[in-house]
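Across the two complexes that follow, subunit A remains constant while its partner is subunit B and subsequently subunit C.
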Partner chain A sequence: MIWIAIRMLTGDAQKFYGLVFGIAFSTLLITQQLTIFVNLIERGASGVYNVSNADVWVMDPVSRTTDVAYAMPSTALDKVRSVEGVEWAVPHIRAQAAVRTSTGDLEGVAVIGVDDATLIGLPKRMLEGAPDVLDQPDSVIIDDVGTTRMFPDESPIGKRLELNDQRAVIRGVADAIPSFTSTVVLYTKYSQALRYVPGTRNRLSFVLVGAEHGVSADELAKRITDQTGLRARTRDEFAQDGVDFIIQNTGIPFNFGITVMLGFIVGIAIVGLTFSLFIRDNIKQFGALKAIGVTNAKIRRMVASQAALVGLVGYGLGIVGTVLFIWGFAGNPTFKGFYVPWQIPLVSLVAVFLILALTGWLALRNVLKTEPASVFR
Partner chain B sequence: MALEWKNLSFSRQILPVIALVGLIAAVIFIFTGLPDRALTEPDREPPRAPDAMAETARVAGSGVVEPSSEVIQIGSALSGLVTGLFVEPGQRVGEGEALFTVDDRAARAALREAQASITEARASIAEARNAQAIAARQLALYRNVDDPAAVSRAEVIRAEGETSSASERLKLAQARLQAAEARANSARTEIGRLTVRAPIAGEILAVNIRKGEYVSTMGGGGSQPFIEMGQTQPLHVRIDIDEEQAPRVALGEPATVSPRGAAERQVKATFVRAEPLVVPKRSLTNSAAERVDVRVLQVIYALPKADGLFRVGQQVDAYIPANSAAGGEAE
Partner chain C sequence: MVRKLDTTAIGGCNPEAAICARGVTRDFTAGQQTITVLHGIDVDIRAGELTYLVGESGSGKTTLISIMCGILWPTEGEVKVFGTDIYALGDTELVEFRLQNIGFIFQQYNLIPSIDAASNAAVPLIAQGMDRHEARERAVAMLEKLNIGNQAHKLPSQLSGGQQQRVAIARALVHEPRLVVCDEPTAALDAASGRRVMDLLREVAVAEDRACIIVTHDNRIFDLADRILVLEDGRITHDGSEMPEGH
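What follows is the complex of A and B.
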């Protein structure tokens, strides 16, 4: 009986492909747009996620994100180290600077100074060179997106830059997720960064903290805030702060929200219309089935199986389309580090289910009301 | 539902299979593509609180290693060219040992001059004594003559005068000798001052002068001290503690100290004293335009012997136990 329903569905190729296209299109629209949206706003947290060692970030009470930070006096480091449960704490500086390239161009860069002795604060992976290169004098490590912006089609290794009248030699390329603004990032040692960034009185932007075993990051952050008066955020909280900052200060959520709603509406419109038309065309067949004694429950199951097939094929193609899109653009610096959060396909699955349930229910109303006699009319 | 090749339908069979395979591939892609955000342990050892202090109240500070005598910047009492340099960096010297000499030719010339004057004064004394003796004998001769007509009164007066003037000449010559001896002594002192000696026993840390360079009493070029020395057995470490944390420090307790870059090598340092003066934090960014509003309490600890682990001027990280009372408040 179900097989009859499927044959009935695929018998009319136009309508079948229309339905599949409708579902696939809205799945693609919802999934792909949500994916880009999530990845885009997570760029606000990339600075936090690039540092893989720190459990807690400590900053001035007015600092908001990795890029919007107010510097602290250098004794803040010792204050943090004095807190129980802090296994280690290292200084971290993030600042904006202008760099003069060998060709004389001026480029805005973010200078990130990592702890001199331990190099905590560097990204986890390197594309070229090892983190040790920072031990050489005047060394900096550039991030891979910065490489494509400052040195297209050539290797940046060994290139000389001028920062605040000081020499800087690029000796490594880090594999890092770019920031929201895709600024070129130069990693160097803390003491070196102080020379590269024009001087202000206080320089220490953050203190990165590792928690003792058995002390949770939440508890430690609370303790540090209580004892030092500084603002301490766990890694996840601080990443969320970065995301929230972008949500509050840009129109991105609104724009993407509109697109996702459009995907949903287009899905409902196309699928709903086609499904209703399809059911209406086949109303005689349903009548005949009823005449030979098929119950309403069975007809419901038949329509449900038709919807399930359309949903499966459409949803599958839509997801495959999204994955192909992300995979195809993985090499593009704009989409560097983009991934499909596993929650998003579930969201679009729910959306597909809602679309099909809504349209199927609307279409079924007519069928259920149909009397077996209608087949003779 | 017969799956025969002839009956194979694209829309009924192939398409759902494609969709299913695609879905499975997509799931694999999604789960392998999730970003790696796992926390990792740092590759290099960061300074950690010692195990004993991990769960108790503590105060952290950073500081600089210094000699237990603090660094002595040797100055010169007199200016001039350096003619001799007897020490090199790293050398251990005893108290009073010569470090360097400044050109002493002028002082030595003055000494020789004074010595010549001494000889001259001594000759004058001899000559005056001689004259005095002759005059005294002549006077005695005249006095022993009983016949008043034999010697005129005038002769006696002249002889008396000669005696007294001879003794005056002797006094003058003796005074000249004293003056010349004083000059010689002052020249010797001058020569002594031109040799700069170690004020204490200790180690030479830096030598910033070379033979032939000019040293002035105002200090060297670029306000560099000529020679820096200090007692490096034992070494001390001067820990800066933020004034806000200062009341929490348990003064008298030993501190755990590790040098920058070798955080795993921690040593116990014994308490020496806390400086009575709270001073502005000395930042080590070398910026000339530096202004500070952070003040620090400086606490001095003595480092144990650790072959070459600590050197004068090196930065260290330190953990000091906090007062139990203050620790109680913090919790």
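What follows is the complex of A and C.
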């Protein structure tokens, strides 16, 4: 009977494709929007993930993320270095600045000052140039998203910038995860950054810490907090802080949530309507089957198999659509590093299951309510 | 020849009767009003006969045939089909009983539009759990018996009304049921096609161990009946081999 059910469904091409479209559209909308949402809020952690070798981030107790930081006095560095279990500790500055290009354009940039001696604080990979280009005078390294924004059709190497009224020369391109706002990022040495960024009494944004072998990051962070009064977060904790900050302080979750909900509702509407039409058009046939001697249990299995087929094809197309979307925009800096976390297709699958269960149940009710005797009327 | 009403066996069923209905009453409720459509019908249907159930619209013939084939519960009374008190069966058992013992031919055929003639005819066998290919083979053999074996691969929409009716007949007979129930089998056919269908039904559906009941008001085919039951206002008013005078 399953075969007959499938043929009944696929034989009505218009409704079959309507159902598949409904599920595919819902899956695409839910999966794609959730994917963008997750990747976007993970950008809140990009500042942390770009510094791969710091086990612990130390900051003023009021600092919340890499972009919302209150500067500490430079003595904080020595305090941290004095804590047992600290292998190394280096200064790290993050500040906003304005840059004027040779064509006169003005662009807001983030200036990140990395440790002069070790260059800890730079992204791991360089696309052009080497980290030691920062040894040259007025050197800065630009991130690849910044390159795309400021120098879309040319190499930025050798370009001169007016950074907060001072000379800066781009000598390298770093492969960095873009920030949440996709701001252009310029990396330079800590000492150079202090010159670029307007001075206040305290300038040190963070102290980046490496833990001694055998000391866990959790334990070290606790120790630093206890002994210095500063806020110390492990790499993962601080990354999560960045994500949480975006969730708590922007309307993004709400807006994406609405879109995902719309995907769900549109799915229910399209699939529910089409499924009901399909059942209504075939109600005589279902009635005849019931009269002939097909049990309600078999009818349920028939409708379930129709829903399963629609679900499988529609869900598959929706997921493929999402993957193609992500793949198609992979070259766009806005979508750099985007991926589909495995949990999202699972969420979409649950949504599709709910849509089909609900609409299938509604459609099935009509079939089950149909009296076999109605075929004689 | 006019037979007297078969009321002699009230209270007991003739063991040879294919269908034995006793005291069958059926009420329908419309709002606060209860309408009695059948008034204590007693009737035996014999195997080996082509029995017509005739009556005006609203006389209760569809209700009676629905009750006799186990798809509509009577308000009162009992129905035995080949000795089985069908309304004493559980729901699933009754459905299974229909699947094994009753073949249906509907007025509008009710063929599944997206599967071919052979698959449509094979539906009861597939529902019984037979392998689809084996069921199709048997269905094709039945279609050949009905002279449309060459149409087995066509969809219902590619067949004429008469051919669709034959597919419906094949579906009703493919699982060799002991009772065949037909609802207005000639209503959508012209006179010649209607007679051909009735000849065919007599040839394939009437057998010593098989009963065939036809609900009709098509007076063009009354002469082909072995027995005619006339129903008026929920009561059998005539039981004979011919239509009574004045009808």
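Simple rule for what comes next: the second predicted complex is superposed on the first by the 363 of 377 C-alpha atoms of A that agree within 3 Å, B and C clash if a C-alpha of one lies under 4 Å from a C-alpha of the other, contacts with A are read in each partner's own complex, and residues count from 1 in each chain.
In the analysis below, a residue touches a chain if its C-beta (ideal position, glycine included) is under 8 Å from a C-beta of that chain, and two chains touch if they have at least 3 such contacts.
What you are looking at is a predicted structure, and each value in this text was computed from that prediction instead of being measured.
Asker: By the touch definition at the top of the document, which applies to A:Thr10: first (subunit B), second (subunit C), both, or neither?
Answerer: A:Thr10: touches subunit B and subunit C.
Asker: Given the touch rule stated above, what does A:Phe256 touch, subunit B (first), subunit C (second), both, or neither?
Answerer: Neither: A:Phe256 stays clear of subunit B and subunit C.
Asker: In the overlaid three-chain picture, which partner chain does A:Pro372 touch, first (subunit B) or second (subunit C), both, or neither?
Answerer: The second partner, subunit C, only.
Asker: One more residue to check, A:Val86. First (subunit B), second (subunit C), both or neither?
Answerer: Once the two structures are laid over each other on A, A:Val86 reaches subunit B alone.
Asker: Considering only touches as defined above, state whether A:Phe21 meets subunit B (first), subunit C (second), both or neither.
Answerer: Once the two structures are laid over each other on A, A:Phe21 reaches no partner at all.
Asker: Could you look at A:Ala288 and tell me whether it touches subunit B, subunit C, both or neither (first, second, both, neither)?
Answerer: After superposing on A, A:Ala288 lies in contact with subunit C but is clear of subunit B.
Asker: With both complexes overlaid on chain A, does A:Phe329 touch subunit B (first), subunit C (second), both or neither?
Answerer: Touch partners of A:Phe329: none, neither subunit B nor subunit C.
Asker: Who does A:Arg235 touch here: subunit B (first), subunit C (second), both, or neither?
Answerer: Once the two structures are laid over each other on A, A:Arg235 reaches subunit B alone.
Asker: Could you say whether A:Phe353 touches subunit B, subunit C, both of them, or neither, answering first, second, both or neither?
Answerer: neither
Asker: Subunit B or subunit C: which reaches more residues on subunit A?
Answerer: Partner with more touched residues of subunit A: B.
Asker: Mind sorting out which residues of subunit A both subunit B and subunit C touch, each in its own complex?
Answerer: Looking at subunit A, the two contact sets intersect at 3, 7, 10.
Asker: Mind listing the subunit A positions that touch subunit C in their complex?
Answerer: Residue positions touching the partner: 1, 3-4, 7-8, 10-12, 282, 284-285, 287-295, 297-298, 371-373, 375-377.
Asker: For a test of understanding, state which residues of subunit A touch subunit B in their complex under the given definition.
Answerer: My answer: residues 3, 6-7, 10, 13, 16-17, 20, 49, 52-53, 55, 73-75, 77-82, 84-90, 115-120, 124, 131, 177, 191, 194, 199, 201, 203, 210, 212, 226-227, 235, 309, 312-317, 319-320, 322-323, 326-327, 337, 339-342, 345.
Asker: Going by the contact rule set out above, which residues of subunit C touch subunit A in the complex?
Answerer: These residues of subunit C touch subunit A: 62, 65-66, 69, 71-72, 92, 95-100, 102, 104, 106-108, 110-115, 119, 123-124, 126-127, 132, 171, 183, 215.
Asker: Would you pull the subunit B residues touching subunit A in the complex into a rising list?
Answerer: Of all residues in subunit B, those touching subunit A are 1, 9, 11-12, 15-16, 18-20, 22-23, 25-27, 29-31, 33-49, 54-62, 240-242, 244-245, 248, 260-261, 263, 281, 283, 285, 287, 289-294, 296, 317, 319, 322, 330-331.
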